[in-house]
Amino acid sequence: MFALSEEPLENIDLKGPLVRRDAGACVEFRGMVRDANQGKEVSSLEYQAYAGLAEKEGTKILKETTEKFEVLEARCLHRTGHLQIGDLAVWVGVVSVHRSDAFAACKYIIDELKQRLPIWKKEHYTNGDSGWIRSDSPSAPATGGDGEPSN
Amino acid sequence: MFALSEEPLENIDLKGPLVRRDAGACVEFRGMVRDANQGKEVSSLEYQAYAGLAEKEGTKILKETTEKFEVLEARCLHRTGHLQIGDLAVWVGVVSVHRSDAFAACKYIIDELKQRLPIWKKEHYTNGDSGWIRSDSPSAPATGGDGEPSN
Amino acid sequence: MNADQKAVSLLYFALLREQRGLSAESCSTTAATAGELYAELKEKHEFSLSRNDLRVSVNGDFVDFSQTIADGDEIVFLPPVAGG
Amino acid sequence: MNADQKAVSLLYFALLREQRGLSAESCSTTAATAGELYAELKEKHEFSLSRNDLRVSVNGDFVDFSQTIADGDEIVFLPPVAGG
């Protein structure tokens, strides 16, 4: 299950559907808005998504994941809208019988979606500047990934 | 912070202390008691620990982790006592600036503690049998790791 | 309306939305492919992103820039993404 | 008490606890090393685990089987572990 959410992910029972009697391992990834990037103080983050295509591509990534790895279930929610420091931007949860599959699958999902989802993020800095981040550049954005402002 | 817990981990605010403004990524691992292992139906699991040494060794693993990987914080709690299917046996949580560090550190912690912590687990099967699991054998135990009954 | 002329819908995101100053528009074009259409728009609206920076989708699917466009298509030029 | 004779505390876990039928005991031994002590105990209590399956700790630290033991030591022979 992949979904975009305008609602804060903090208000959602993310893990509930991952509870299974046959699951031995659960790996979760959370990407949060952090207070600094590339030496600049970040004040907030804004996410835009091309919703229809993002949900299609997100669903495709999860389907690939269940084909590539031995997982029982994989889920991902991604925020849109204006986020503050500490807010949850993305959550990935995977359950499997054995732990190595859950780790590999969870990492695959977040790596792929950072490259492929039609979602854009703009960093707002405390000095008043702002910039769109690109995940294909070598340095790191404010949520634990890689990227730098594109303008 | 490493700790053993006789109290169900479900009753504990595990992630609370991992909230930080400078964290961009959080990776968590949960090992749960699953309902089958090696083709046998598992009814419950019993954990024994040499508490003093386990806490010392767990603390050492976390210290190694913060030296090896760029993490802001790493925590682990391990249950002891008698657990039922679905119960949380172990939880590992890591926060970092970038996600690759959190993934690598979280996996390192669970891999090491499965090999090194003086904790023993006995599987009880629905057919009335039971057996102590060893993590150094090639097959898989009832919580997402590797091991087989040692008797 | 010329036989080559098509009416397409455009959606803009991120930097393109800011440079265009709107998030969606209808546009009449004689461009045969998505690539030709972007070249047209880039010149007209002075978009700073080059085609190499972009991906393109038509009617909700990723396609190549060589994709032929048809009347009524919904076309999106996607700036470099950064989910997560 | 013989000059070689030491009183040590033993803790048992998992399979060793079951085979010994208790979780802790005091024991008087003339064994010089942890390895010698295990050999003694293995024979006396018919433990099924061989030394190669075990690790040993003395006074709360992992040590080698060649570790010399002293009066008052707390000694634990650790069966194969399986945390998590």
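Each chain gets a letter, A, B, C and D, in the order it is written, and its residues are counted from 1.
As a working rule, a residue touches a chain if its C-beta (ideal position, glycine included) is under 8 Å from a C-beta of that chain, and two chains touch if they have at least 3 such contacts.
The structure displayed is predicted, hence computed values, not measured ones.
The chains that touch both subunit B and subunit D are none; no such chain exists.
Think of each touching pair as a link: the shortest run of links from subunit B to subunit C has 2 of them. Centre-to-centre separation between subunit A and subunit B, using Cα means, comes to 25 Å.
Centroids built from CA atoms put subunit C at 26 Å from subunit A. Rounded to whole angstrom, the centroid-to-centroid distance between subunit C and subunit D, based on C-alpha atoms, equals 75 Å.
Note: centroid distance subunit A to subunit D, computed from Cα atoms, is 50 Å.
The multi-chain contact residues of subunit D, meaning those touching 2 or more other chains, are 84. Each of the following residues of subunit B touches two or more other chains: 31, 99, 110, 141, 143-145.
Every pair of chains meeting the contact definition is listed here: A-B, A-C, B-D. Per the touch definition, subunit A reaches subunit B in the complex via residues 19, 21-36, 85-86, 96-99, 102-103, 106-107, 110, 140-146. Looking at the complex, you find that subunit D touches subunit B at residues 11, 13-15, 17, 48, 55, 57, 60-62, 76, 78-84. Contacts from subunit A toward subunit C in the complex involve residues 31, 48, 50, 52-54, 56-57, 78, 89-90, 110, 113-122, 132-137, 141, 143-145, 147, 150-151.
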